[in-house]
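Below: one structure in structure tokens.
By written order: A, B and C. Residues from 1 in each chain.
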């Protein structure tokens, strides 16, 4: 009998309808799980038990009705770079310690309207910069499968919470892989929608042309449900597209007959761990057995995506983070006698090393004399990458490959080598540059650690990638696996690579 | 690949106070990263336009309608220092002006 | 540069950057009201405060007004333009970047290549408009001892920047250009154009060029808060540069601030490095496509512009060119004039009073006509009283002064002060007889044919009647009495 905190949203809703449990009971059970695990896991930065229980009580009667809103009574965690009115929103940074936004992000408004019970704010790398959640100024989150390892980043907090039953669903953000990579590391489903599919209003900006909010869940159906709630045009976000939101959950396929899948050749080159490669190849075979026509496709400019990303993203970030300067909100250094000191010392005290690094790279790439050689050049490479994907999608309905080169690495393993850390984004960043949707779905364990299969789709064709992921998921046992309860920190088990 | 003066200039432009030790460390790390991204130079980009916006959207606008602003209290709620409804900063002199 | 020889006259080259606040109801990128004089930080929201997670959404009306301006200035409207971020740190800029439109390679701003023509000397001056673009305004700083205070109410107000080619050749030209530009924009209903309120601000670039030689080094001059201070500041700077060159010194490229009190420009401490704004396309906004249909819609809705109105005053109302020019100097004045002549049908007369006594009063008070309580119907009333001889010209001036101050109609003042002109022959005749009796000398002169003496006697009658006598009638009566022609 699966415990309440480990049920999918679909299963929980069914129980509500049958009167077998209530939102209050479910929320209490999740908080018990949080109480038991948080000291080790540290997925959350802030929870509000009373508010959650009060909200749960509000939906108590409603959840039994057929016309209950889609997320009524479902416990949800929200990444701490998404604004929640009146609740601290720190983005994992000291410079926003205690900052309480005066407004809700649009996605949060939509969650509330759909009946979701927001439990709290989940941990992340500072300002969504990193690949392990080790860059959080408030301490790392641990991987529920092995507490000596990272959960991935930057949405490590919300992903670990979902994986460990500390939330049923979560919202993360993905700029270079920050939902998909932790989803792969933690054995859950994580999706980055098409750029413009989901409103960014209230998402604290890192790289404005790359950021997207996306769903994290234990099943593809759950992810589809959550996506349907948050997606759609928002007048407050000029870059949110006016494209209809299909009822994704109603159309999930179980057969892949007629689906043409392209296997990205360059993603299986040197640098990919053998165990991960094998698991992903097996997954692709499973898709073939479900009726998909699988063939190799080459995306040569994919290998230029990472360097282009590490120009574009820091450049936009250097501008987006200029507002954190101690003037009208956030941390301010004490005793600054003049303006320059106010700015420079506030930012020195408030930002961590990775953020400072990226701000400086970005400032450099935009500065006079370097703008064309760096930023503009990277934007041209972006055009190449987009064109290549477009060409590939003439022959294929979706593209597949690994999400990450390795399984979850150990805490502390890559923190001293920024470039090494960047390389773990190699398979995820191309989509952010091209603005395409991508999903990570669990496809096995290697050395006891989860591996993810990445499915990439055409712009605004989330349905196809959800279908592929769903069909695969339903044909395999991986989605039923849970991290071992109270998993001790491993010593030599499950070498990452 | 990147010298001390450049790092110092970039730090100033970014309004980041750095210790000499940090300056040195960042100079190494930035140098490595910049060298890595330079591999883009291998590509032939003749005639390839830059993509600043991935979506083929234009003219997203709003009507000229007024909606309520935040109260003064809400606007000042997260401020480090306030006085009579204003945000307070150290004295700003002509030299600080951006031009 | 080598010292100038005596007699070599450098040419003054001036270009202007004018920031115009657009008359929209809400801000450029958010729905806060554009307001003047509200308590600090009461017209802000997450967007114009630049709070984390906020995003801009463009105000359509601001684009409409920008296009309207471009049409009024005969500009080429770019079918596609983008917004850019201008990155710099300053407390009045909450995001530490300003959303603007940059002109760079293949990034054209909203409009380019226009011209503004205005009468100058005996002809017409043509000043090229290099570009018109849209951007957001910054907040306001208040400096008090030991600290500075920041108010973000103004932050995000829609601004339009109009940049000229360096076609101006004197400080006076610059002032005239601004006067005409402001009038044009007021007539086009794009802005209220009040310098004092900050809805119309100007920075200048000035350099000196030896005849036939290359452009000299230019300085930027800021902080000129009225049209007159623009002229004074530029005149000062022109002289300063001329003196420097005469001494054999170079002109340093720098920004100088105009000090209204000391009447000088002064430079800030020299910066170690030039400002690097790191412009890049604004990722939070999508490109702007202004198509021909949109332009036509704006064109067909264009209000009557100053030049057309001037021509109408000359051709239809028969006013002299010069008068027409003065009456169309501001929209408020033109509107007032037209409202007056709807009630009093002698345009030349009405025009004279407006560009004469009334303009003098406004200049002395530093106000515009719509900032004083007098109304067109009041002026029409006054003019009617003069026209029908009910009051004298001299009384009219007194009455007008009170009307301007208090907004009371002429009739009321005339009643109250008993200023009605005396045109009753009987009454006047007795005063004339008195005056003749009291001044036998001048009376004798009149009989002897000395015409100036008539004026003296008329003056005495006016004195006795405290200016209320009808002078024409008095003149006639005196001549009749004294048998003069």
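Structural remarks
The rule is short, and it goes like this: a contact is a pair of C-beta atoms (placed from the backbone, for glycine too) under 8 Å apart; a residue touches a chain by one contact, two chains touch by 3 or more.
Treat the numbers as computed from the prediction; the structure is a model and nothing was measured.
With chains as nodes and touching pairs as edges, the resulting graph is complete, every pair of chains being joined. Contact tally for A-B versus A-C: the pair with more C-beta pairs in contact is A-B. Centre to centre, using the average C-alpha position, chain B and chain C are separated by 38 Å.
The distance from the centre of chain A to the centre of chain B, each centre being the mean of the chain's C-alpha atoms, comes to 24 Å. Look at where the CA atoms of chain A average out and do the same for chain C: the two points lie 57 Å apart. Those residues of chain C in touch with two or more other chains are numbered 46, 49, 57-58, 89, 91, 150, 152, 276, 278, 280, 283, 285-286.
Among all residues of chain A, those that touch two or more other chains are 99, 102, 209, 235, 238-239, 318, 322, 325, 327-329, 339, 343, 363, 367. Of all residues in chain B, those that touch two or more other chains are 13, 15, 52-53, 55, 57, 60, 62, 70, 75, 87, 89-92, 96.
Against chain C, in their complex, chain A makes its touches with residues 82-83, 89, 91, 96, 99, 101-103, 105, 200-205, 207-209, 235-239, 315-316, 318-319, 322-323, 325, 327-329, 339, 343, 363, 366-368, 371, 375.
Put simply, chain B touches chain A in their complex at residues 2, 6-7, 10-11, 13-18, 22, 26, 29-30, 32-34, 36-41, 43, 45, 48-55, 57, 60, 62, 70, 74-75, 77-81, 87, 89-92, 96.
Within the complex formed with chain C, the residues of chain B that make contact are 9, 13, 15, 52-53, 55, 57-67, 69-72, 75-76, 83-92, 94-99. Considering their complex, residues 24-26, 31-33, 39-46, 49, 57-63, 80, 82, 88-91, 141-143, 145-152, 220, 222, 255, 257, 268-269, 273, 275-276, 278, 280-281, 283, 285-289 of chain C touch chain B.
Touching chain A in their complex are the following residues of chain C: 46, 49-58, 85, 87, 89, 91, 94-97, 150, 152, 276, 278-280, 283-286.
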